[in-house]
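Once you've had a glance at the structure underneath, I'll fire off some questions.
Chains here go by letter, A, B and C, matching the order in which they are written, and residues are numbered from 1 within each.
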Amino acid sequence: MAEITVRVIEELLGKEPSGDGRTFTRLSSYESAGGDAIVFAQDEASLGLALGSAAGLILAPLAAAGCGDVRVLAVRDPKYAFALCGRWLDGFTQVVVHESAVIDAGAVVGRGTSVGAGAVIEAGAIVGEDCVIGSHVTILGSATLGDRVVVQAGAVLGAMGFGYVRGEDGRYVRFPQQGRLYVEDDVEVGANTTIDRGALGETRVGRGTKIDNLVHVGHNCLIGKDVVIAAQTGISGSSVVEDGAILGGQVGIGEHATVGKGVILGGGAGVLSGKKMRGEGEVFWGRPARPLKEYLRDLARLKKR
Amino acid sequence: MAEITVRVIEELLGKEPSGDGRTFTRLSSYESAGGDAIVFAQDEASLGLALGSAAGLILAPLAAAGCGDVRVLAVRDPKYAFALCGRWLDGFTQVVVHESAVIDAGAVVGRGTSVGAGAVIEAGAIVGEDCVIGSHVTILGSATLGDRVVVQAGAVLGAMGFGYVRGEDGRYVRFPQQGRLYVEDDVEVGANTTIDRGALGETRVGRGTKIDNLVHVGHNCLIGKDVVIAAQTGISGSSVVEDGAILGGQVGIGEHATVGKGVILGGGAGVLSGKKMRGEGEVFWGRPARPLKEYLRDLARLKKR
Amino acid sequence: MAEITVRVIEELLGKEPSGDGRTFTRLSSYESAGGDAIVFAQDEASLGLALGSAAGLILAPLAAAGCGDVRVLAVRDPKYAFALCGRWLDGFTQVVVHESAVIDAGAVVGRGTSVGAGAVIEAGAIVGEDCVIGSHVTILGSATLGDRVVVQAGAVLGAMGFGYVRGEDGRYVRFPQQGRLYVEDDVEVGANTTIDRGALGETRVGRGTKIDNLVHVGHNCLIGKDVVIAAQTGISGSSVVEDGAILGGQVGIGEHATVGKGVILGGGAGVLSGKKMRGEGEVFWGRPARPLKEYLRDLARLKKR
């Protein structure tokens, strides 16, 4: 069984190791905690609850350092420390390539990568090391994944984009969709999300970006690093989302638009084709998306007449 | 072949059984009806059409009782009676666990449950009796399903939720997603819908709730009983939807929000994080969602200047 | 290896064939072009880039006919010509029914149709000739597909629609969902899209219509010919979308609505249940959808107070 010691936690956080060898085997809520469990308290209110629980170790804010309960380990960001413990314990999960997975002889799958039941990895696909590919995931031959990529069940990576040319007869002919999709290290992709390959060029999802369920990323999109994209958001073809941007759920982004570095789009925001939203930490809201202050003023105006 | 008699229909509706043994084998539209078919007429206008059809039995409103056509069976709610007939006939569908389904030895699947081609039921999953699990459905090990649950093709039950903690280096670490998902009796889930498991606690979908295609339910959500959720609606983490609420299509609900008992959200309505919408039978519309009257007034104001 | 000659291109375009036997094997962007590659230049600006590339053949506008570079083939619509070349080259793709596909003995699959890994085609389903069925696609027994239909990974065709009748006990009973789904010739369906079958009657998607990823089409919908539906759009039950309409992404259409011939709905537009939007080439925007001019005026009014 996976175990974590206080000493390992201190190392994960870059703290001076105390040599404390107390051992824990699981993370827990307060309700289901026991002596083998770690919990966290992000603030004073929850600290009281944590102290009242049966947890064996309490990750608590620095202010709690002198509280006298030996179960308390004071850290700068308890929730973050808790998440790091989770990642460390996850590292002991057994790597399994399910016998029902369909991995083509022409595909490359790195060491330490798990592949779920019924997942399909086509010829031409490249999957890095220590990835977790869920059940029923489809990785088309056009897709290259880095290391430690997590793809949850039912996601489709590298399908053909949605580009057509209309002839004089009114009928549509598909524009060639023969490019590739690159998903960099540490990206996580939610269940039933779809990310299309480039048409002639590439689609790219940058290192560390996290994507929720049922998201659509169109062909030729360039998504930066450490971007967060919540559920059911859609990004049309050839758009750019720069590093560190945060997109709420059900956001819609037109074609050839740009969401600048660190921009925050509230849930349901809409960015028109070709628009550029800029400003690190700036919050935009509404359809069409506008600065939060302006959006709220508009709402208020509707009421004031 | 499945058959239903007038007497059975009367029993289903809690009526005094007449002993009428006339037998029918299918439900039908007026156009494709025959002597073996049951149709329904919800009002007088459609009754004319029904009488003109070749149907062998016509479920009709009480007002039609004396119309003299022996094919007419007068009932309080003909459409409801028709649906009950459908459910009764469905009961004769053969239970099949497809040979290509992947049911882990560590999963539990109850008697009378059908499992479609390529469906995956992981170790730790519990599926009740008389369920219908569609093709390509993924039921992760974190999910518990009650009895008579219907899950249509491609749905993903119990995937990891979307919760991350950002470190000082700007990178995201996943918050532990180790809870469970409980789907109670008689719930129905549409194609390619995703319902995530709890992070530390649970996600729950209450008895009798019906969920359409491509819906997203985030981690730790508590969905009540007899709730209706139309297609492409998204419910962010830790939100509550109480019994009997009705959510239109493409509704978006932020985190930690509450949709009260019997509340009706119009298609595309948006509920901000932390908001509480209350009022049984109250209709809310727009983004942000507001009482229908207010929403319509706002729209009108836009035009009047 | 597939090859295309200038003469074939001229034939595809209905031009007088010059007998030019120069041969090319691939389509390309300017950056990765070589002597074996065809590129296209839609206007003068891109023509310069194309001429500067290593491409062996440049599909260029008629105005470029006399430019003196033997690589230039002047055509009326270079992008369209490029797309036709792509379709022609696609014709050489090997037809493969993957050994892991589950095709029921009671299903019909036409000649020349490829079926991807893990795809499921149920008893009762009919799939025409020269189709491409992606991995993990589910074609239920209720679905009939024409010829040259493309269905990308994870799409679900013919699932039960979302129709319920509420009893006096407050519980919902499913209305019978026993109709069929007809998908006509040359339709293309994106990844993880869901199209439900009719309840008693039929759902139909007309010839040549193109549907993007994660789209929902409800039961009994009638979608016309040469319609374009972008990602994450949802069409509720019993609605009609007539020939040549163009629906942007995340459009929402209520029940029993009509989108008239050639109508254009901007991204995120919402059409209320029962509404009829009419006007060939007319652009509607917003929620509720209104003529573009009116929508823009409303937006401006919000700012002017």
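Heads up, the rule we're going with is that a contact is a pair of C-beta atoms (placed from the backbone, for glycine too) under 8 Å apart; a residue touches a chain by one contact, two chains touch by 3 or more.
Just so it is clear, the structure is predicted and the values come from calculations on it, not from any experiment.
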Checklist outcome for this item: Between chain A and chain C the C-alpha superposition rotation, given in steps of 5 degrees, amounts to 120
Checklist entry - Same or different: do the copies chain B and chain C touch each other through matching residue numbers, with over half of them shared? => result different
Next on the checklist: What's the distance between the Cα centroids of chain B and chain C, rounded to whole Å?
Outcome noted: 29
Item to check | chain A, residues touching no fewer than two other chains | outcome: 118, 136, 154, 192, 214, 232, 250, 287, 302
Checklist entry - For the complex, which residues does chain C have touching chain B? => result 102, 118, 120, 122, 136, 138, 140, 154, 156, 159-160, 162, 164-168, 170-176, 178, 192, 194, 196, 200-201, 214, 216, 218, 232, 234, 236, 250, 252, 254, 270, 272-273, 287-288, 298, 301-302, 304
Item to check | chain C partner contacts - residues on chain B that touch it in the complex | outcome: 27-29, 31-32, 77, 79-80, 82-84, 86-87, 98, 100, 116-118, 134-136, 152-154, 186, 188, 190-192, 208, 210, 212-214, 226, 228, 230-232, 244, 249-250, 267-268, 286-287, 299, 302-303, 305
